[in-house]
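Across the two complexes that follow, chain A remains constant while its partner is chain B and subsequently chain C.
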Partner chain A sequence: MTDMRVEFWPAVKKVLLYVLLCSVTFVVCFPLIWALSTSLKPKSEIFAIPPTLIPKAMTLENYEALLTGRQQYYQSGGTAQPSGPTPAQFFTRWFMNSVIVTIGSTIISIVVSTLAAYSLTRFRYWGRTAIPYFSLVGYMVPSIIFVFPLFLMMVRLDLTDSLWSLIFGYVCITLPFCMWLMWAFMRSIPIEIEEAALIDGASRYQVFVNIVLPTALPGIIAASIFSMIVSWNDYLFGRVFINSLDNLTLTVGVMLFFEGTHVDWGLLMAASVLMTLPMAILFMALQRHLVAGFGAGAVKG
Partner chain B sequence: MSRLNFLSSDRFVGLVFIAPFVVTALVFMVYPIAEAVRMSFFSYNPLRPDLTSFVGLANFEFVFSDPLFWDSFRQATIWTLLSIVFQTVFGVSIALLLHRALFGMAFFRGLLLFPYIVPTVVIALIWRWIFNPEIGVVNHFLLWVGLINEPVYWLSTPTMAMASTIMLNVWKYTPFVVICVLARLQTVPLELYDAAKVDGAGVIRRFLDVTLPQLREVLIVVIVFRTIWTFNKFEEIYLLTKGGPGTSTFNLAVYSFEQSMANLRVGVGAAAGVVMMIMLLVGSIVYLRIAGFGSEEK
Partner chain C sequence: MQVSLTRINKRFGSVQVLKDVDLVFPSRKFVTLLGPSGCGKTTLLRMIAGLEDITAGSIRFGEREVNKLAPRDRNIAMVFQSYALYPQMSVRRNLGYGLRVRGTPKADIEEAVGRVARILEIDHLLDRKPAQLSGGQRQRVALGRAMVRKPDIFLMDEPLSNLDAKLRVTMRGELRRFHLDLDATTIYVTHDQLEAMTMSDLIAVMHQGVVQQFGTPAEVYSQPANVFVAGFIGSPPMNFLPGTIDAGRFTFADAKLPLPALPGGVKPAHAAILGVRPQDLIFEGTPAADTLTGTISLVELLGSEKLVEVNLSGQKRMSVQIHADMVVNMGDRVHVKFDPQRVHVFDTESGRSLRAG
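Let's turn to the complex of A and B:
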């Protein structure tokens, strides 16, 4: 009898646990599931009552409109008229702009912070303990404070409305955290191997490239993911720095879909899905590193 | 010391490696902050730069006597407090749920952490879609279940707009709490639980007496961080409600942005930013005290 109890209760507990997990996950993910579902529906089904979770007539027309930039026609007074440049026509261009500024700013932030973190943890000079904490405070400064001074700086440098302004702008919001994270990570790497290599006659640069960089790779990956997420998701800098349709990033551009008289929800949800996709792929591929990075950087301190 | 010796010396390498950071930080962080502080003492209209003049503390006087500033402050406090409470409660609960060795846990963990990386623009768009009063699925569901008798105007009544922005914020940032708590849970020694079990402690007692004290430290850090960030959030509010209806969801960041962008009072916007920064500095000092800066330097 005791044996039965031992086998029966854990099994029930396990089932209940899975039921709970599935329900929580469904509620949390519902907004995303609904967005995906809407993006796959034809216009007629989007407003159907009762709403359908799984589209009855699944279609890729919204994705096609975004990716091919097909000119859209609206019915007005019986004849179809071209509606002028629509946001859908710029979608692929905005996508590429977002890719460029995200990668550009991430490379700068990572290179600068990795070099600095090595220097701070391996050399002794005035300010070596203050700089990481200074970065941490910088990380907490909201971007709303940076945005206008930086904008005026870009005006003077003649960089407004160029992707460079965004690359530099995103360095300003990603560098502090990358610095803090890389510093925490480098600090945890034991110094003995490097010392042994130095005694064996290796130069500082050899040690850095052959020993330190490979060991610091998990930290570099975590910092890169963080930096890419922040740059890709930003709206404020893009909104203030850029004013031509050609140079907008995805976040600012997609908000323009709301202008005009009618909102095409299918198109908007397809844009939302495509915009989330690169981050989703990154996240899935590197989830382990993300958690490890948070463990090293944000929690300890 | 000869020149060649200096170039290959450790001191030189150390300086070369730190130099790019110092330059970047000075140009893109220290300078803009200093400039923001300077601007807060000037009257500046971007369309009439020729009229720029030093006005002393007039911008701060304007801010502190502006009822909208105090409304924004009050609304930001409400939105921060409620966001943090829900994020912490949900975050700890989900972390406890995920902290088990079960088949498929990586899958659930991935999905539950996912909202953290979804762009705020995307969340705002989805929110506007599912919370749409006429055609949104949330109202449809609530009507169908019978919880409400008529559509709720989620984004166009002040209370509901505030509730919607809080929901958005909680949805996006609870994973941050989960990640931090989960990382800490993994280091709690199992012996503590065994000992508590032997002493006859039930599930709730074990949570209160073993888990919670172990989580105390990480929760304090997470709450301080999240409070500072949430209080100053801009996009989460602006993209969903633009601070509206009216000014009912303004916080200080939206206030500062609207003063600079819509009213073209850049000096006033900067002054509001400086006030935010001072509050943030106080928060940071609290954090550094908690983290024990200077006490455990190697």
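Let's turn to the complex of A and C:
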């Protein structure tokens, strides 16, 4: 009798736990699953009642439309008419814009924050302990506060409606946190390994490149992912700094699918899925380093 | 390569860490900087390595002043307390890094790394990363990295302190053997007087940034220059009794104890400290003018010896080391005696030995 209980209850508990976890996961992931499902449906099936989770007639036409920029025709009063420039035609361009500003701002943020963190942890000068904390305060200020002054600066620099304005804008909001993260990470690298390299015959530059950078790599990866996510997902700066269709980024561009008289849900969902993909892949590929990077920062910072 | 330090001073802000250090480390000798933590020994080593600026004074390797030379131009090697292995590199690359950055041809690096790895018996570990090694293995890699370049001077900063006690004893012997094979001057920093005694040709005992005594292990043990050296060297530590010297005898409480000749000369009723090692004390059957009487308060068996704590009058305690077979009990009343030639006498005011003259 007692044996039965010992074996029975833990098993039931385990099953209940998994049922609970699975349902929570499903609820959290449902919008994503629905988006994926809708993006694969032909137009006729999108509003079908009852709704289908797995498309009956699966199609890639939405993806094809986005990736080839094919002109869309809409049935209008019996004859097919060209619809004028549609968001779908700009999709690949916006995608590339997003890639450019994300990578550009991340490279600048990482180079500057890595060098700054190295300096802050290795050289003695006034304010070197206060700077990292102040930079964190800067990060806590909502980015809407920065938009107006930054916009004015971009106007003066004649950078409005250029990708540079976004690159610099994203550097402004990602650099403080990247620097703090790299600073916390650099502090955990023992100075002795650098001294050992100096004695071994390395120059300061060699020490930095051969010893410090490889050791700081998990931190650099963590900071890069953070910076890329912020830049990739930004809507605010893209909306304010850019005013031509050619220079929009994905987040702002995808919103244009809602404008006009007709919302093509299949296209919109396909665009959303494609927009999510790079970050999802990046995350999966690098999450091991991400944990190591944030972990080290947490312990020593 | 002889290393000469002349009036070396080091200040961190307003804190004076080293005061007028004058030392000459003879070529090919194993010299130890010994002292408690905070005595400045590691700072001094780092100054020799070029990792720390010199506030004042001069460091010379042979005839050449190296004050302004970068660490990599000094042809030194250093073993750090934390080993400081390069975490991203395999053992092979760790060992070869010094040669690689100096532009040594690949084949020569391979050969040198292989040779050192064989000597240190780490050739089977060459493709591992430091994180996959045990403490003792890391220690050997750190040592190998120092040996591979054939430096003129070896600097070691407490290299054994992270090892367990047994391994430490083994490595002590090995370090000493490597030193003899390598033909380089070794400067070794430790706070462990036993390490210093067993490994060194010469010991510089340091305290509060000042060199207290520089001599062979036998000298610092048997002729300590002052109270600090006497108390720091030797285990169990030396007993000290405060008293006065009158007419060639040391007065402590009621006892008048015999003294050796004091060439330094003494004033009448000279305030002094008598130092005597636990090994130099014996129990005497009957009380006499030259014995100290007390009660046994603690007996510790050390193995082949016993350490006996004796409470004397005036709140003073003495430890006496006796053979383990001798039967003593707590509470026994005992009379302690010593050979006057084996005691040390220090001036109370200056702490200096009065036997040195």
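A few comments on the model shown:
Criterion: the second predicted complex is superposed on the first by the 280 of 301 C-alpha atoms of A that agree within 3 Å, B and C clash if a C-alpha of one lies under 4 Å from a C-alpha of the other, contacts with A are read in each partner's own complex, and residues count from 1 in each chain.
The rule we apply is simple: contacts are C-beta pairs under 8 Å (C-beta built on N, C-alpha and C of every residue); 3 or more make two chains touch, one makes a residue touch a chain.
Not measured: the values here are computed from a predicted model.
For the composite obtained by superposing both complexes on chain A, the positions of chain B and chain C are free of clash and fit together. After overlaying the two complexes on the shared chain, residue contacts for A:Leu166 are found with neither chain B nor chain C. Contact with chain B, but none with chain C, is seen for A:Val112 once the two complexes are overlaid on the shared chain.
In the superposition on chain A, the chain among chain B and chain C reaching more residues of chain A is B.
Of the two partner chains, chain C is the only one touched by A:Ile193; chain B is not. Looking at the shared chain after the overlay, A:Ile229 reaches chain B, while chain C stays out of its contact range. By the touch criterion defined above, A:Met154 reaches neither chain B nor chain C. Residue contacts after overlaying the shared chain place A:Leu248 against neither chain B nor chain C.
By the touch criterion defined above, A:Ser203 lies against chain B and chain C together after alignment on the C-alpha atoms of chain A. Using the contact criterion defined above for the overlaid structures, shared-chain residue A:Thr215 touches chain C, although it does not reach chain B.
In the superposed model, A:Pro176 lies in contact with chain B only, and not with chain C.
Taking all C-alpha atoms of chain B against all those of chain C in the superposed arrangement, the shortest distance found is 9 Å.
In the superposition on chain A, the residues of chain A contacting both chain B and chain C are 203. Taken in their complex, chain A has these residues touching chain B: 14, 17-18, 20-21, 24-25, 28-29, 31-32, 34-35, 38, 47, 49-51, 108, 111-113, 115-116, 118-120, 122-123, 125, 129, 131, 133-138, 140-146, 148-150, 152-153, 168-169, 171-172, 175-176, 179, 187, 203-205, 229, 232-236, 240, 250-251, 254-255, 265, 268-269, 271-272, 275-276, 279-280, 282-284, 287, 290-291, 294-295, 298-299, 301. Here chain B touches chain A in the complex through residues 8, 10-11, 13-15, 17-18, 20-21, 24-25, 28-29, 31-33, 35-36, 39, 94, 97, 100, 102, 106, 108-115, 117-123, 125-127, 129-130, 135, 137, 140, 144, 171, 179-180, 182-184, 218, 221-222, 225, 228-229, 232-235, 238-239, 253, 256-257, 260-261, 266, 269-270, 273, 276-277, 280-281, 283-284, 288, 291, 293, 297-298, going by the rule given at the top.
Residue ranges on chain A touching chain C, taken from their complex, read 190, 192-193, 195-203, 206, 210-211, 214-215, 217.
Note for the complex: chain C touches chain A at residues 49-51, 70-72, 74, 76-78, 80-82, 84-88, 97-98, 101-102, 145, 149.
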